[in-house]
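There's a structure below that I have some questions on.
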Amino acid sequence: MNWFRFASPASFFPLAGRLTPWFSAAAAMFAAAGLYLGLFAAPTDAQQGDAYRIIFVHVATAWMSMLIYLVMAFWCAVSLMFNARLAAMMAQALAPTGALFTALALVTGALWGKPTWGTYWAWDARMTSELILLFLYFGYMALRHAIDEPRRADRASALLALVGAVNVPIIYFSVKWWNTLHQGASVSLTSAPTMAAVMLTGMLLMALAAWCYAIAIALTRVRAIILERERHAGWAGEAVLAKAAQ
Amino acid sequence: MTATAAPVGRPAAPGAWHGAGWAVRRDARIALRSKAELGVQLLFYAIVVTLVPLGVGPDPALLRALGPGVLWVAALLASLLALPRLFAMDFADGTLEQMALSPYPLPALISGKIAAHWLATGLPLVVASPLLGLQFGLGADELLVLALGLLLGTPTLSLLGAVGAALTLGLRNGALLALLVLPLYVPVLIFGAGAVGAARTGLGAAAELSLLAAALLAALVGAPFAAAAAVRIAVD
Amino acid sequence: MTATAAPVGRPAAPGAWHGAGWAVRRDARIALRSKAELGVQLLFYAIVVTLVPLGVGPDPALLRALGPGVLWVAALLASLLALPRLFAMDFADGTLEQMALSPYPLPALISGKIAAHWLATGLPLVVASPLLGLQFGLGADELLVLALGLLLGTPTLSLLGAVGAALTLGLRNGALLALLVLPLYVPVLIFGAGAVGAARTGLGAAAELSLLAAALLAALVGAPFAAAAAVRIAVD
Amino acid sequence: MLESKQLAAQRGAATLFSGVDFKLTPGDALVVTGANGSGKTTLLRIAAGLSHAAQGTLSWRGVAVAPLDLVLRAAVLYIGHAAALKDDLTAEENLASLASLHAGKAVSEALRDALALWLLDRQRALPARALSMGQRRRVGLARLSLVPRPLWILDEPAAALDAAGVAMLCDMLGTHLAQGGMAIVATHQDIALSGPTVRGLSLS
Amino acid sequence: MLESKQLAAQRGAATLFSGVDFKLTPGDALVVTGANGSGKTTLLRIAAGLSHAAQGTLSWRGVAVAPLDLVLRAAVLYIGHAAALKDDLTAEENLASLASLHAGKAVSEALRDALALWLLDRQRALPARALSMGQRRRVGLARLSLVPRPLWILDEPAAALDAAGVAMLCDMLGTHLAQGGMAIVATHQDIALSGPTVRGLSLS
Amino acid sequence: MSLAEFFAMGGYGYYVWGAYAACALAIAAEIIAVRARIVAARRDAGDGGPAR
């Protein structure tokens, strides 16, 4: 099997269509199991009470927010090195989901912070770097949006994502440094209780659900992008008609 | 023999230094002709820095604590203010495409432009900073660290900013440029302001300053190539 | 009869309001080409506000003191970043001479341009300021005074900036004059930030706010004519 | 209607021209020629009321007019080297905006007709940045049919136009003059504009 | 030396041209004509190595070259619509700067000669903002004699030039070709460039 | 455990359910938006494509 066949949008389009339902189903299953563990099976925490149950969505979204940026940067590198259109479209499709997870990590973190720290927002190292990550996502999307010519947008935004990816660790490190310099926002995230096995399992399941969801939604969005951009290429219309005929 | 190292028929790229020198000379000469915009930037810096003592009141301890951060944030914003001018006019009048077509390596030409830009916009801030730092009651060693930090940090700002400016060529928006560039400025801000803070508490700023230097080195190596790639995309 | 008041053969100048409306529509359409642009402008403010704690540290008391000043500096920066678009580009591409030649009164057209500039840079900040102020821990009445002050003050920034921008276009010493205009920003910033400080200490901000309103009125009356005169000189 | 007496223009230490007299009555055209830098653009800008003359007077309908006089502004359509197009606006938006600056709100049918006349139907919704050099000029010239003014002042209108565009331009100029309009045109190319009422003015 | 195979260009959804083949050997000139918006500028930018072609290849001396290839950059002099002049620099400074960007430091006598050739002696010390349209173009064209390059790519070089300027341009082109140079010229005006080695390419 | 207790989350119901609801709403909104986008893209490709 020649995998490079799928590097062309025309042949990737149906493949993505076939994969999506599987990932959606997996996401639903993992989420159901994770939610069961997180909301019913896991016992109430001695220190935080039930507030800690936010961890099951918070950690999953926080992990995904960073992971998606890395994956996006990977596709951007591929698109620049091999001048691959599909890779650029993958990056384009991932960005909104990444930004969404970042925003959700911030919101869930803030909602967690109020009961535990007594404030929605503190200039904690992780929260601050997460906020900056959100700005990086928005910058990427805004730059894409501002350029009309899709190929130019591909290349310019890919370059930006790479520059950003090189900077993410530096930003993270510097913000951490800044935080210790200022004696922290009085609370530290690492003081979370050592996790019970059931909690850990629940978090992992939720993270897997987020993975599968992100893949499914990105595949769907990339199909929309392929159709929008290849609308004049002939095969796109055929693909739509073939689908309608089924 | 070195001559055979180059494939037959491929001319060797002419000197990168000459290219950079060309750009520095040209841009410095233009900047010296129209001094107005330089003034705007320095004035902005001064206004921002003067404003804070007026806003937070005359408590010396408070001012001294705020000083480094305010001076650095102001430097960041002032640098941002000057960025649109780095490439936009050259792009509009066709200079940038001539540069891309010249036999000099484009990253070298771009480095020259960045250097000239820093000379015109960053260096004045470095020079003015001790004076403005006095308003916050900073001591001599803090002022020294402040100036040193700006000397190491503002070129990094220009370099990173150049990438953003090149990426937004032909796009109307000054705010977009800020959105792309300011997050990248964060480490410089933290280490720069941190250095002065460390000097104040007597801890010594060597660590922060070396981090600033390292960031500068990294930006020096990477940014001209990234900016050149962005310029190539823009002239296509 | 009013008709005879105009000398025979002299057409009455068409409506100033129409002229201003034309300029507002044109410039606002360019500035807000897409809905995303408004979002970018708001993000710009959010980032500027985020930089401050990174510079001065996360101490809530410090931040609360700095908050109003920071928002005002952000307003100034956004205003300055958009200034080149106000006249320089119109001058370069010939729009400004077409405006001078149109039958609409030039000060009206210019007022429209200034209004559009404010709509694109000042208004978004006024709207977002309560949210941004929260990041600095400002209380409800402070937030109200902050928003009110920005509402009164940012148009003044746009008007003063327009005079400076027009002066730099054509006059031989325009640059110098423009630099003289910039310091006029300072009183606006001081009253604006001072108003919030007064609200915090419970003194009431009526005095500062009326001063801002007075400054706005003066600028509204004077600035369009000054800018129009400078533009006429520039297109000669 | 437009009459100049002893116009002179000075730039720096150099006198570009002096003693320029012309008189345009309805149906007249003045074709200004001359070497590069001889002062054609300068003369046209003075005639349009944009620049001050070093000497001499300009009068419209027998009344002396100062630069940027409202009377002149209401009578003149000036199209110079600069096209006054905004890169971010589409061709149609640009045209609508420019036309309404001089002649109030433009009707959208009239806009389309004007664009079609200059063969820009397919470029209507393109941002000006995407237009070719000639297409930009065509958008500028499309104002001619939207802004009714007795006096056209055109600085090198044929630059960047293809042959069809030049023919179109001559056509419009001919109609304008036939309807009692006036025109001052500076040009390097020979544009086929002839007739008893077309006069030449050559700056040296 | 410069050879194109099946070049095609796409802008937005529209294909501007496709299947463009040409071959230039020393002494050859290619005169590109076509209506406004037909893709002349686009083709010239591809040939100069500035833009990517949608399809097709470009080769120089038999070797395929990518956009902005050093080989091409060392062989081409491209003068497009934009003059690359800085308003604040004088004519001479502008010319010196542009020439040295492509051919190392310019000798000051050579600069003066080049300016004199294009009748710009008296404008030498004028800032570019004061120059007339045609004078600006002349400063740009003065590079032709300062930057020795086998392949000239000129986009509407005659625009804004007066008759003497056009004659000068034809002269220079003729000499360049006679010395074994090559040229690609896009133009709307008929420029008197003839000979067995001048070929036309008409884009529709 | 009663249903009411479950929803109260030991007094932290507002925060816990707020977090879960935010996630659910955001994900639902994203799914709807992407669905709408691909439907629109399909329609345009079907209409505009030269394959017709």
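To keep things simple, chains are lettered A, B, C, D, E and F as they appear, and every chain counts its residues starting from 1.
To be clear about the criterion, a residue touches a chain if its C-beta (ideal position, glycine included) is under 8 Å from a C-beta of that chain, and two chains touch if they have at least 3 such contacts.
Remember, it's a predicted structure, so these values are computed and weren't measured experimentally.
At the interface between chain B and chain C, over half of the residue numbers appear on both sides, which makes the contact a same-residue one.
Greatest Cα centroid separation from chain C: this falls to E. If you average the Cα atoms of chain C and of chain D, the two centres end up 35 Å apart.
The geometric centre of chain A is 32 Å away from that of chain B, both derived from CA atoms.
Averaged Cα coordinates give chain A a centre that lies 57 Å from the centre of chain D. Taking each chain's centre as the mean of its C-alpha atoms, chain B lies 45 Å from chain D. Shown for chain E are the residues that touch two or more other chains, namely 12, 81. In chain A, the residues that reach two or more other chains under the touch definition are 132, 135, 138, 142, 146, 175, 178, 181, 232.
Chain C has residues 30, 33, 40, 43, 47, 54, 57, 92 in contact with two or more other chains. Interface residues of chain B, counted against chain C in their complex, comprise 34-37, 39-40, 43-44, 47-48, 50-52, 54-57, 62, 65-66, 68-70, 72-74, 76-77, 80-81, 84, 92, 172-176, 178-179, 182-183, 185-186, 189-190, 193, 197.
Across the interface of their complex, chain D is touched by residues 11-12, 14, 34-37, 41, 81, 119, 122-123, 126, 130-135, 137-138, 156, 159-165, 188-189 of chain E. Within the complex formed with chain D, the chain C residues making contact are 9-11, 13-14, 18, 22, 25-26, 29-30, 33, 92-95, 97-104, 106, 232, 235-236.
On the chain E side of its complex with chain B, the touching residues are 48-52, 61, 63, 67-68, 70-71, 73-74, 76, 78, 80-86, 88-89, 93, 97-98, 100-102, 104. Of all the residues in chain A, the ones that touch chain C in their complex are 121-123, 128, 131-132, 135, 138, 142, 145-146, 175, 178-179, 181-182, 185.
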